[in-house]
Structures are given as structure tokens and as C-alpha cells.
Amino acid sequence: MTRRGAGLALLACGIAGLPFLASSAYLLTVFNIIGLSTIVTLGLILLGSSGQVSLGQAAFYGLGAYGSALLSRDLGWSPWATIAIATAATAGVAYLVGVPTLRLAEHFFVLATLGFGIIVNVLMVQLVDVTGGASGLRDIPGLRIAGVSLAADRAFYYLVWGLALAALLLAQNITSHRTGRALRAILGSEVGAAALGVEVSRYKMQVFVASAAYAALAGGLYAHYIRFISPSPFSLYASLFFLIMAVVGGLTNIWGGLFGAALITILDQVIRAQVPRVFPRVGGEYQTAIYGILLVLIMIFFPSGIVRGALDLGRLLRPVGPEPAKGGSA
Amino acid sequence: MLALLPQLLLTGITIGSIYALIALGFVLIYGVTGILNFAQGEFSMLGALVCATLLAWHLPLATAALISVAATCVLGALTERLAVEPAFGAHPLTLIIITFGVSMALRGLALMLWGADPYALPEFTPGPPLVLLGGVLVRQAVWAIGLSVAVVGALFTFFVRTVPGAAVRACADNAFACRLVGISPRRVSLAAFTLSAALGAVAGIVITPITGATYDMGLGLGLKGFVAAVIGGLGNAPAAVVGGYLVGIIESLATGYLVPGYAGAITFLVLLAVLFLQREGVLHGAQRRQA
Amino acid sequence: MTARPLSRRLIILAAAAAGTAGLLAPAPPAGGQGAPIKIGTVFAVTGPASSLGKPEKDTATMLQSQLQSAGGIGGRPVQIISYDSETDPTKAVLLIKKAVTEDNAVAVVGGTTSPESQAMADYAMAAEVPFMSVAASTTLSVPTRAWVFQTPQRNATAAAKALEYLVAIHAKTFAFLYRNDDFGQDGLVALRTYGLHQGVALVDAEPFAATDTDLSVQVARARVKNPDAMVVWSTPPTASIAAKNIRQLGIRAPILESHGIANRAFIQLAGPAAEGVVFPAGKLLVAGRLPAGDPQKALLEKYASDFEAANRYAASTFGGHAYDGITMLADALRHVGPDKARIREYLEHVRGFIGTGGTFNMSPQDHNGLGTRDMVLVVIKNGAWDLWK
């Protein structure tokens, strides 16, 4: 435990020091966006640890963003309060969505979240009087502490990464305590876990609501940082992207969530810089093709990340030996 | 407002016939392999765009369509071999995510090859639309409806009356027993993807004269076809076709009598409702697959 | 229990971070006769709006080489930096920030779609950098914002031009079918308002989604109101589907569409239904048919032939918006040099500047400077564009 504490402290130091390496405001902005994606990705991996996958994460992200933006803009409330309210409200929405859907088998749960995500996105476009429609919402108030604006990238950096670390700790706690053991049992066999007296559905609900709250928190922060929102960053494509981040970095554990968003963002920069050099005439959406192929490759060669959810860091670190027997669900 | 009804129904049937063809592709793959293939809509996109390109090279429409369907078949087979087969036996979730990856990859490649502009195909049999009960039905819709019915018929004949068809059905029931008698589930899976790709391509080619074809048409069509397949219970081809027509008619009625613009949301509300209500049936299907 | 792997992971993170820092670090400024003056451009080269953003970016590339062979501006080389926003407002904000803070661009041109432009405009205001938007949403320049300019004819201007057609054919009522996004919603508001002033009443408004494959339900709903004209506000393929469905349902009323159909795809997709469709457009489309005295004629023909020679596809009005933004900035640089505040001041007082979109007459109250006189009504006749009389 203390070693983990030391590791965390080191990580915190590294994150705290990063802005001093950054050579420009733009780079800091990139780090901030990575921080926001990291919070969403952590939620997805937390969910993955109960054997669930969601394709509706961008909708929760968007509910947090629109909820907080509207409350603060139109009612004049403090953005701090509205982020909290929007996050809590989105958690409530997730609970309502979870009641009927979490009973579905995993691959139907994923489809239910996909449907939910599309419905929310349609509402963002259609409810013009509330959301501003496809043109989006402008003039969203920025975050302030004691009258001092947090609009500066560096201030926001410490805020978002502080929250990302807190989210990481919370996810760690959820997965490594009693609940986490229960989750592991569920991964092995849901029926078996239930037979052992584990309240399967309660735990699944807890992590689902938590993952939605993570996404909503990040969404609220996003809205007050960029100060303009429109439906497009909250579409099904965005959900797919969060999933790729979770799959790439997460593989098997919460810590991966820290890397997924960063790796994909770096990859994005590299592809953007290199591909036009190799194929100067390609004007198309080559990134999509590359991400698609990447997703397929990861799922073929490292599928256990999503399926087993494997929060169990220890097992990963054991010397390479025979694979543990697969769960009965495959 | 009742005066609108015939037109709403005819429009619903037109769109529905397209969803039905795509739903059939879903059902075929799901029934045989237990995989929900979200790249299904991309087969339609590729079929349509390849056909449009061949037509631009002055091939006759029928030849262009045939070559395009064949090319899409090859692509379906490649998808199965390169993306699905290596993950054979993996968890259904893994396979769903893989198919989303394939869908993204194909969409990206299509954009590189064809760009973002829409492409057109001529109607198979040009002429003024038919007037039925005060509503109009474009001639191309008759083709779409006819094809969806013909394909169900052909599939039914194949699965019930022929030996390879029976083999596929046997495989879907019990893969292990199948291997015992010398039928390879992997070959059946390959066949299912190839055939589904053909269905998708046909759907894409048939609707393009009505809608035009763009690189990003696949995901939307695929999702609607998927909803149709779920309504039909996912394992049942004729029910999936009915599901397709239902989704088309629901969308059309919702647009006509409720607020236009929410049709997409309503389709997915129907999906959620069906998932909740038919939980038993759907779960039953899933467990059967896992056996 | 996790200390060792953690530190390993930390090393990886640190390495990755250092790698990013290295990759993203700005390149050292090019030497030569004075450091180059930089103009940032952010277009949606990929993503859903790529058919607009691609010609915009290709125009920027073409202008870069023209400026280069002309020896730069005031003896200093000019560098046009191009970024791809992927039709994503968040990325657009990131990239305008990159252009301004990292590349030290003196001004930015871009924002292919209205949401991208809105997000970029907010940043331009905060960072006090001149921003030339290439999106058409009316709210980008109404009300006027100090640092935000707009080169395309506003949607409201196009709507006003479109209304001239309805008035000319003595239509008293019209139905409005529109794509339910910023483009369509903008058109709806403008046409309803202007129609009210001119005695042309909106009797039905039918929204649809960009992904819809059949609009006969919307058309049937509109038909019930028996309007004198059908107005469609969208881009292909839905703009073409609407025209086809209107004719299929036996409606004979004239069809008026938006400037969003100013490309060949509309005619190809709509087929015979495209015949007789009228729409407002910039003059580029009918450059060859303009009267010899038109001040824009020479410029339009030169832009079209230069663009086609450089890119091997036909020029579009979208690339023209980028052309106007960049050339106007170059003009400002020639007169006042690379000073953001003075560029802004100069742009605000541009008069009689001839661009592809029209003759720009800016003022502190009008950061667009175009009007209905800069647009024409185009009719589709025998599958080709012609001036509507």
C-alpha cells in the first residue's frame, strides 16, 4: 500500500512538472484535452472491470457539458456548482438507464448504450430552444476561484489533472476493495458470483453510475474550458474514440486509463505529421482507417483488456506462464 | 391528416425494404456465427460506390452491379479472414468491437478512394412513379421491395432444401457436433460473411438511385438494419425482413404525425423498448449461441 | 504490491511526454531575408465537411506558391500554415491556438463549418488576433465582433437573394424544407423574417436530418398546405432527394434551393428533377456568362483556371472564400505590415476590394461587406448552370 502511495506521489510529481517541459500554450492545451479524455477513459475502464462496455460515454460527457453550460449561462450560477449538479444529474440519468439495461447480457447492454447515445445526440441537435441546436452554445462562463479566472491553460491543467488523479484513486479503491473482488468474481462467472452471495447487479450499477459521473465531470470541465459546445464532439464517433482510448491504454487495468488517452493523442499528432509526407495526395480521412485497423489489431491480439476487464495488476506482472483458464462466458 | 397516411406507408415501405435487406445480412451472420457485424452497412456503401465507378467507366448497369457485388463478396471474405477469424471464439463483446473497427477502416478507405462527394446511379427501370391509393411509389422502390422478398425466398430455399444450407444450420446449432461430422465452422463463418457482403452490396446498389451514395452512408444504414434485426429477434430471417419494414414505417409515421427530425431518436427508442421487452427472447438467443 | 511496474510505467509516461514535447515543438524559424510573415489557416480538410475544406486548403497551397514566386510581401517571405480541423470544433480551437501561440501567425483564416468558426471566433476575441471566417452563418458577423471577419456571403444574404426570386414570380406562400443544423436553421430564420417584410408567407417548415434517405413524408406534409413555391435549404444528397421527391409527388410548384447546391453533385443526383431549380450563388459558378463589364469577371476566370491547373478539379465557391480571406490579408500586410491591431484596423476599412465572393465594402458595423448585389440567381437548364433572368 505504501509502495503504491510512493508510486502515486511520483506520478503526481511527474504530472505536476510536465507543464515546465511544455514549450507552448498549445502543448498545454493538448495536455488539458488529454486530461479530460483520461477522466472519461478511466470511467470506461472502471466499467470494463465489471465486464461491461459502453458506447454511450460521449452522451454522458455531453450531458455534463450541456447541463453545466446551460445552468451557469442562463441561470448565472457558479460553474463550480453547475459542474457538480450536472455530474450528479447525469449520474441519476445513468441510474435510470441502468435499471432496465444492466440486466441485459453484455453485448446487448453495449447496444442499449449505443441507442441511448444516439438518442441524446439527436436531442442535442433538435432541442434548438434549449441547446442552441447544431450551431451550439456560446458565451459559456469560465471557471474562477475567488474572482481569479482559471482560463489560463496552466491553471486549468492543474485542475483537470488533479481531478484525473482523484478519479484514478477512486477507481483504484472501487476495484481493489470488496467491490473489486466481487467484480472479479463476476468476470469469472456471473452466475458463480451470484451463487457466492455477491450482489452482482448492485455492483454493476455502481460502476456504471460512476463511469457516467466521470464522463459528465469531464464534460462540465470541457464546457467551461473551451467555452463553446456543439453536438458534434458528443456523437457516436466520440464514444467510439473513448472506447479506443480505453482499449489501447487500458488493456487490463485502471492505470492503463492514464496512458490510453495520451497514447492516442500522441499517435494522432504523429499520423497527422507523417502521413502527408509519405502520401502527399491523400486528402481523406486516413486517420479513421488507421484507427479502425488499430482497433481490430488490438482486439485480436489483446482482447482480454476489455473482456476480462482485469483489474488484477498482480496477475499481469507474474512471470510469463501458462494463460489462466478462460472464463466460462467465452 | 388521414390523407397523408397512404404516402407515409408507401414511403415507410420504400425505406423499410432497404433496412430489410441490411437486416438480413445481420441475421445471416449472427445466426451462423453469433457475431453482430456492425460493418454490415459498409458493404452497402462499397457495393454502391464500386458500382457507380464501374458505371462511370461505361460498363452496362447490370455488368457493373454484378462485378460490384462480386468485389464486395471478396471484401466480405477478407473481413472474415483478416479481422474475425483470428479472434475466433473470443467473447461476443470483443467481436462487436472488432466489427466497429472494420467499419471505421472501410469508411476511411472509402473516403480516400472516392472522396466526400455523393455519387449517383440511374434507376433500373426509369419512368414516372406509380400512384397507389393517392400516394406515390417510385419504381426503384418496387425493385427494393421485390429483392428483399426474393432474397428471403432464396435464403429459405437454401437453408431448408439444400445440403450446404442444412450444414450451416447445423453449425449454428452445435459447432462441436458439426466438426465431428466433418463440417468446418470456420468455413461456414467465411461463407456467412461472403453471403452477407453480397446482400449488403445488393442493398446498396438498389437504393443508390433513390438516395445517392456517399462514403459515410454505411454506419447509419447498418444501425437501422441492426434495429430491424433485433426487432425480428436476430435469429429469424423472415422476422428480420418484417422488422425492416416496421422500422421504415415507424420512422415514416413518426416523421409524418409527430415532430419531424426525431425519426432517428424514435428508431433507437424502439430498439431500447424491444431490448427490454424481449429480454427473455433475446437472452435465450444469446445463450443458445454460447452453448 | 505495484511499485515496480508503476515506476516502469512512469518512465514510459515520461518518455511519451518528452516524445510529445519533442514532436510538437515548433520548428526553428526559417532564415533568409527576414523571418517569414505567417498566416495560419485551419480548414476541415477531412471529416464530414471535407468537400468544402479540401478546396479551401488547396487554394491556400496555391496562393502560397503564388506569393512565393512574387517574392513575398514587402521583401519578407510569407508562409501560409495549413492545419486540418477534421470538422471538429474542439480541434479547430486547438489549432487556431497552435497557429497563434506557437507559429506566431499574425492572422488566421478558416473555420470551414459554422460551429468550428464560432469556437475559433471566441478564441480570436480572447487572443486579439484577426480571424477571417470562411463559414456562412449569419451570427458570425452579426453582431460585429472586433477581431472577427467573414468572407462568404452570409446565409442571411443568400436568403435575401433567394427571396428576390419568390417576389419576382409573385409567390404569396412557400413551404420550407431544411436540413436541421446550423445551415438550415439559419436559412429558416432569415427567410421567414424577410418573407414577412415582403408579403411572402411561410406556410410550412419541415426539418430533416443530413443522413435521411427519403424526404417524401416531409414533402407530403408540405403539399397539404398547397404552397406557391417549395424552398429547400440543404446540400446534396438531401438537397437532391428533396427535389426528386417534390417532383415524384407530382408537385408542379417552382423549386428554390440554397447556395448549398452549387456543385455538380446536385445535378447528377437529382437528374431530371434538377431542371428549372433556381438558387442564389456567388458569381464564380457562372463566371463565363457574366456581362463583360462585371468587375469580378476577370478575377473569377483567373481563379477558376489557376485552381483547376494546380489541382486538376474544378474550383468551387468554398475555395473562393479562402482565396478572398488570404488575399485580403495579403493586401493588409502590404499596407500596414505584420501588426495584428493595424491589420484589424485596415480590414475594418477595406472598400471596393474585389474578391471571388463579391466587392467587399467593410465598415466597423459590417465585418462581411457583401450584399445581395454580390450574388446572382442561377437556374439549372439542360443540366447546366445559367443566369436566371
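The letters A, B and C name the chains in turn, as written, and every chain counts its residues from 1.
One rule holds in what follows: a residue touches a chain if its C-beta (ideal position, glycine included) is under 8 Å from a C-beta of that chain, and two chains touch if they have at least 3 such contacts.
Here the structure is a predicted model, which means the values were calculated and not measured.
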Remotest chain, chain B as reference, centres from CA atoms: C
A-B compared against B-C, more contacting pairs: A-B
Distance between chain centroids, defined by C-alpha means - chain A, chain B (Å): 31
Chain B and chain C: spacing of chain centres that average the CA atoms, whole Å: 36
Where chain C touches two or more other chains at once, by residue number: 46, 50, 54, 180, 207
For chain B, residues that touch 2 or more chains besides their own: 111, 115, 261, 264
Chain A, residues touching no fewer than two other chains: 125-126, 283-287
Residues of chain C defined as touching chain B within the complex: 46, 48, 50-51, 54, 180, 206-209, 211-214, 216-218, 220-221, 224, 236-237, 240-241, 248-250, 263, 265, 268-269, 271
Contacting residues of chain A [partner chain C, same complex]: 3-4, 6-8, 10-11, 14, 18, 21-27, 29-30, 33, 125-126, 128, 133-136, 138, 151, 222, 226-228, 230, 232-233, 255, 258-259, 262-263, 265-266, 269-270, 272-273, 283-287, 313-314, 316-317
Residues of chain B defined as touching chain A within the complex: 36, 82-83, 86-87, 89-98, 100-109, 111-113, 115, 219, 223, 226-227, 230, 259, 261-262, 264-265, 268-269, 271-272, 275-276, 279, 282-283, 286, 290
Chain A-touching residues of chain C, taken from the complex the two chains share: 1-7, 9-10, 12-14, 16-21, 23-26, 45-47, 50, 54, 57, 84, 86-90, 93-94, 97-98, 101-102, 114-115, 118-119, 122, 126, 137, 139, 180-182, 185-186, 207
Chain C-facing residues of chain B, complex: 3-4, 7-8, 10-11, 14-15, 18, 111, 115-120, 122, 129, 135-136, 138, 207, 210-212, 214, 216-217, 220-221, 252, 255-256, 260-261, 263-264
